[in-house]
Amino acid sequence: MSYNGTPIMHAEPSVISQAATTSGQAGALERARRVAEKLRAGTRRIEDERALPPDLLEAMHEARLFRLLLPTSIGGDETDLLTFVQVTETIAAADASAAWCLGQGSGCSMTASFLKPDVAQRLFGPRNAVLAWGAGVQGTATAVDGGYRVSGQWSFASGSRHATMLGAHCKIVEANGQPRLNAAGKQADCTALFPRAKAKVRDVWDVMGLRGTGSDTYEVTDLVVPADETLDREGMDKVVVKSTLFRLPTTIIYAGGFGGVMLGIVRGTLSDLRAIAMTKTQRGASSSMRESQVFQSDLAKMEARFRAARALLHTTVSDVWTDMHAGRALTLDHRINVRLASTHAINEGVDIVAEAYRAAGSNAIFRQLPFEQRLRDAHSVSQQVQGRPTHYMTVGRHLLDLAPDTMMFL
Amino acid sequence: MSYNGTPIMHAEPSVISQAATTSGQAGALERARRVAEKLRAGTRRIEDERALPPDLLEAMHEARLFRLLLPTSIGGDETDLLTFVQVTETIAAADASAAWCLGQGSGCSMTASFLKPDVAQRLFGPRNAVLAWGAGVQGTATAVDGGYRVSGQWSFASGSRHATMLGAHCKIVEANGQPRLNAAGKQADCTALFPRAKAKVRDVWDVMGLRGTGSDTYEVTDLVVPADETLDREGMDKVVVKSTLFRLPTTIIYAGGFGGVMLGIVRGTLSDLRAIAMTKTQRGASSSMRESQVFQSDLAKMEARFRAARALLHTTVSDVWTDMHAGRALTLDHRINVRLASTHAINEGVDIVAEAYRAAGSNAIFRQLPFEQRLRDAHSVSQQVQGRPTHYMTVGRHLLDLAPDTMMFL
Amino acid sequence: MTASPAAAQALPRATAGAYLDAVGRARALGPLIAASADTVEKTRRIPEPLLTELHNSRLLRLSLPRAFGGEQDTPMAYFRAIEEIARHDASIAWNMFVANSTVLIAPFLEPEIARAIFTNPRTLMAWGPPNACRAKAVVGGYRVTGRWDFASGCRQANWMGAHCNVEEADGSLRLNRFGRPTVRTLLFPVAQANLLDTWNTIGLRGTASDSYSVHDLFVAEAYSSTREDPDLRRVPGPLYAFTMQGLYAVGMAGVATGTARAMHEAFIALASKKTPRGLGLLAASAAIQGEVARNQAKLDASGAYLDATLAAIYAAADEQAVISVADRGRVRLACANAVQAAIEVADAVYKSAGVDAIFPGSPFERRFRDIHTMSQQIQARSAHFEAVGQILLGHPPETFL
Amino acid sequence: MTASPAAAQALPRATAGAYLDAVGRARALGPLIAASADTVEKTRRIPEPLLTELHNSRLLRLSLPRAFGGEQDTPMAYFRAIEEIARHDASIAWNMFVANSTVLIAPFLEPEIARAIFTNPRTLMAWGPPNACRAKAVVGGYRVTGRWDFASGCRQANWMGAHCNVEEADGSLRLNRFGRPTVRTLLFPVAQANLLDTWNTIGLRGTASDSYSVHDLFVAEAYSSTREDPDLRRVPGPLYAFTMQGLYAVGMAGVATGTARAMHEAFIALASKKTPRGLGLLAASAAIQGEVARNQAKLDASGAYLDATLAAIYAAADEQAVISVADRGRVRLACANAVQAAIEVADAVYKSAGVDAIFPGSPFERRFRDIHTMSQQIQARSAHFEAVGQILLGHPPETFL
């Protein structure tokens, strides 16, 4: 029961701010639940192959999960933020790597809103369209006739193995070798999109957790990309699709989505823990786990911390969405609130997973049970930039009326 | 600013489940905010007099705060549960003792729903009507013609100093000296109500925190109480007023209200902490508190824990109310969820207050600043039955499909 | 093994045997202190005969050089003796800590002056921490007007001190050899100070850590000194190779762990008889059992760590040269760890004791307030961990003492 | 003090001087172990020349009686030597702990049998914890069929053991003097067992804690014994006055704290060079500084506590009589505290190391997996705190060992 991805102990989340959500979202969560069962059954394969196997990838495409944050005009869902967070949680309760790929792919797919409609349709129209990219402005785009000549290397490209397209964040250089400056007088950047086949992808992804994300390294040399298949991610004013979703910066998407991933890992772990507690008596213990007062109490404490972190993330993203949907602008308060809720979910989450793992006893060390993988996965999610404890400092500065130390994660 | 009860750092709570709330509630919260300012200014007097001074009591009556949970038929508000929780938080951010009296008085006032309309009007109609009682079935009610002859002694009667009525939980004894049994064959109990003046009240309330609650001991000897001024608290079927509020047992009211009290203490403490951090540099420290990265980070962590505990309590009571308002029955799941959310708020809360107190540095030990009182108050709320860590065990049993060890606090 | 607070107390204190003398004298005072604790809190004074017995025990002179009539005992004995006193009353222990801290000025005084001040066996000195006050350099000494706070023990003191910056005749500030404004400590009989009744606090009320002021007071050069340069000390011995800040930390650690130990012991006694409404005997709860053991481990581990740290450094300390920055970091870390452990144990015990704990007269209520007053003192600040971290990371703070 | 892992390592280990011998030999093996660690994990075997060097160091025989060619060293030396080995590789340290645990059967064997088994200086014994298996009593010994798990070290062992209940000829279970079914340990050459490759775990992969089975195996009475009654031991000395479970706890504590210490030291080195994206140097962060100091305090305090506890009990232990239940509780508490501290430090370090920590080859990744395998072992269970709490509360568990 716990092993097929259906949560046992957690009531369905209350639907908050129902009025503000878009249509079709209940469908997204329901589709996610169905796929989750398959993913749970295949989680060992995902880890061993360090990628989503074709049948599971197909199930995710069939459920249109990589289309949640694509414009409806090209067949996307444009789900609201809360639904997106709930979907990542649902998938992560089954398999964290799949959920991570979904979170990352969804964030990347927001680029469609920057493209001309026909280009967006051409690139993101296919049912299996997935864009992946590596972090940081690591390449160079030299202006050529009708586009750019792109060279560079990028790492940590989660989902690169099932991506149909890769993206390349580049500094723009003029044909004469001079850096191109933007309106503010700083180095101008662009992101170029191209078919995965055009890049040389190197398999470097041998890590402790989230092994199934296949977060490889790739490079291109002197690849010419047409201008309309490039975009400026910083220029929110250049977004073509004007609906609520596409007025959100991707920092909010990533914060919410990866917060959801951690919550899903926690939910799965607590569900598994409850399942073994129903039958197990630890060697030398005077009562079964289920009858142990200490275990009962610890389980409820973990549950309370999980529910509280989840309630905060849900109400926070829901408030942001409600305001945005009512036409209000995204404020620094909004950004700070999401940052705090997401950071808290990730930091609380990894602690709860570690505690649950310990409570599960000696069986938990074996690969036959899900605990050790969830422990490794949670401890990989927490190491990523979204989980950084220094985000608390950024939020604290705001609470104290000081300017943020960095806007990079707001 | 922080000292007059207006929270600085906390955005207004998102209004959850708006559809399910009753009318007039926004008014209740707004009235509470206005009274809070006066209470904050008078908090030292409340503590020194170990009771609500007449002018502050009058301000609470003027704002009709003791009428939140009285039937509309006798001029009460019948507020929804979330509003009640928010009001206790608002008052507790100003003064915890006043909020504790409000929580306790509101719980006691639910008895009005058990009384015949004319009796309810007679007892609870006056604008300053407040009922207080001590814990436990500590007295004897002997059946006499038209009522009972009551004797006994009760302790921990919070709010007894401003109460107009006292209540007495008694075992019922027949005129012949035999115990009266209820339908289940067990000892039958009743609660008798009578004017405060009829009892002998002893001032025993010398404690570390919540000093202003005046939780005295009182006794009566051979006091005759008419039958229609008594009630059976256990008999939810005997409730006369059938609206949503009065289908809730008082355990839910106390759990929500005292959870709200702790959240208010936390909110007040964090607000005070932020205020001193804006100006203070600790002796020997290299930067001001405001500029200290460690302080910034700790403040944000405390804020996150506060917001998460609060979001959980709010969404939980809101879900219960929504279900009840839709005519559904109160389930064991509802009770468990409220128990967990309240216990978590109280236990997280006292930890946060202790941490904030420490962060405030050496000034915090002096009575001139609010920290030491809030520390004492929080550490008194947490010692009360609502905060017991063993509640986690009760909840854990439910999560593990075992029957509750006790229903006393569910 | 039987169920009693003694069970907890009897757990090994690794090296306690070596300090039996001071610790034994402290233990002998226990019943008298316990019997006086309510009075101490209420009157904010140490009543007779307790004050005389404290003087007789020489526990207020553990850190005073033998040359001036002190015990000059080891820091390990000092820690464990204060801890023992704090088991009975935290305010008395605090004032014992303060008495043994102010005498650390003695090695920096001219010997005849020190001897004159401490020849009275009941001499006690009190002062508050430095602030921005300035003394004017005048012929033969200093002239000062100012006010200081937190002067624990001033109500029993016959001598007071005041830490001041020094303003030269030309209005400039006198600098020390590190190039910073010097802080000079001026000593004067308590009669020359104006004691102010300001100590209205949540806890440690018995310490009467009041404020005091002086107006246009002249203090002769010989009755002044500075604590800021360890190399200026005139009395040899490994005790004084420790820095003053380090010994402050040791004393404060003893007050904290003794207070927490008393709460822990009282809780063990309570757990064997308390049955909360609707629950079983506290002692029968697995959660309580686990917590009692964790608390025991926290107290014993932090104590053993501080014992071992002090003993190793004491054994290796030079008669004259001050201990190294690395060793100062070790002392500070072991003390900060002990204070932290004490606060954690006190909080856990208080929480588990339930509603009993909020009533005055319980073994928990005053101690809870006391330890939450200590927790705000500079020695308990978590910034100490950061400073030690800088040492461990290879970048010691510039003036770490 | 300079910025290097050595800074942390150099902090005082109160009494380390006394055990320089075993600890020194352990330290000398460090580089070879570190160089072999990848191979150990990958092959789940201890490669040559490391295995031979381990035998030569006699670290695998610290707990074996001198009478049978062992070192019979102190528990304090044992703890610190294992900790030192674990700084370099946790799996090797774990197998050192197991080797020194299984030899604790020797004092319970007839001396000539023990001598025969251990006369080979490379003798290593392995077994898994007791389960429900039964051996049938037959003429001259026992006949047994069964399977056991978690047999750490079996891939290097030449002798195996099996813990069994004994079924008499009439089908009844043999009882011990406490009236419960006896658990008898049968010993046999490894060739008589069938080793099963089952050890697919998150960490401590190098321990190859595989399963094994035997089928209808005859073991002579003389090659059997029981560990359950401390009074049956034939070798005197304070080391063996400690209970077997107690010494297990000591060994496990050493593995845990050594692993955590290595992570802590590696983090200090990392912090001085790592600048995370968008942030300053790790070592310059006040939060990191505070955490490094807290981690240092946790490791040093728990170590000093265990040192002090073992030393006090060892010094007072009888040559023959087993230590008291109260002392057993002290050993257990100090060990559980050390394991808990190690896990907390490892978790904190891992978190602060950021994304670096997830890659194999970093000083954090394997150790994190190792310590989270240890954390699930019976010695690391938090129920130990509850058992000790029962002792402190005056109601010791019936068969506390």
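Labels A, B, C and D are assigned to the chains in the order they are written; within every chain, residues are numbered from 1.
One rule holds in what follows: a residue touches a chain if its C-beta (ideal position, glycine included) is under 8 Å from a C-beta of that chain, and two chains touch if they have at least 3 such contacts.
Just so you know, these numbers come straight off a predicted model, no measurement behind them.
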Taking each chain's centre as the mean of its CA atoms, which one is farthest from the centre of subunit D?
B
Of every pair of chains, which is linked by the largest number of C-beta contacts?
C-D
I'd like to verify one number: the distance from the centre of subunit A to the centre of subunit C, where each centre is the average of its C-alpha atoms, in whole angstrom.
53
Subunit B and subunit C have mean C-alpha positions lying a whole-number Å distance apart equal to 41
Where in subunit A do residues touch at least two different other chains?
293-294, 297, 389-390, 393
At least two partner chains per residue is the criterion; list those residues in subunit D.
285-287, 290, 382-383, 386
Any idea which subunit D residues touch subunit B in the complex?
285-287, 290
Note: in the complex, subunit A contacts subunit C through residues 292-294, 297
Show me the residue ranges of subunit C that touch subunit D in the complex, using the header's touch definition.
1-4, 7-8, 10-12, 14-15, 268, 271-272, 283, 286, 288-294, 296-298, 300-302, 304-305, 307-309, 311-313, 324-326, 329-330, 333-334, 336-337, 382-396
Seen from subunit D, its contact residues with subunit A in the complex are 129, 150, 200-204, 276-279, 285, 287, 343, 347, 350-355, 357-360, 365, 368-369, 372-373, 375-378, 381-383, 386
Along subunit A, where are the residues that touch subunit B in the complex?
9, 11, 14, 16-17, 274, 277-278, 290-291, 293, 295-301, 303-305, 307-309, 311-312, 314-316, 318-319, 322, 333, 337, 340-341, 343-344, 348, 389-397, 399-402
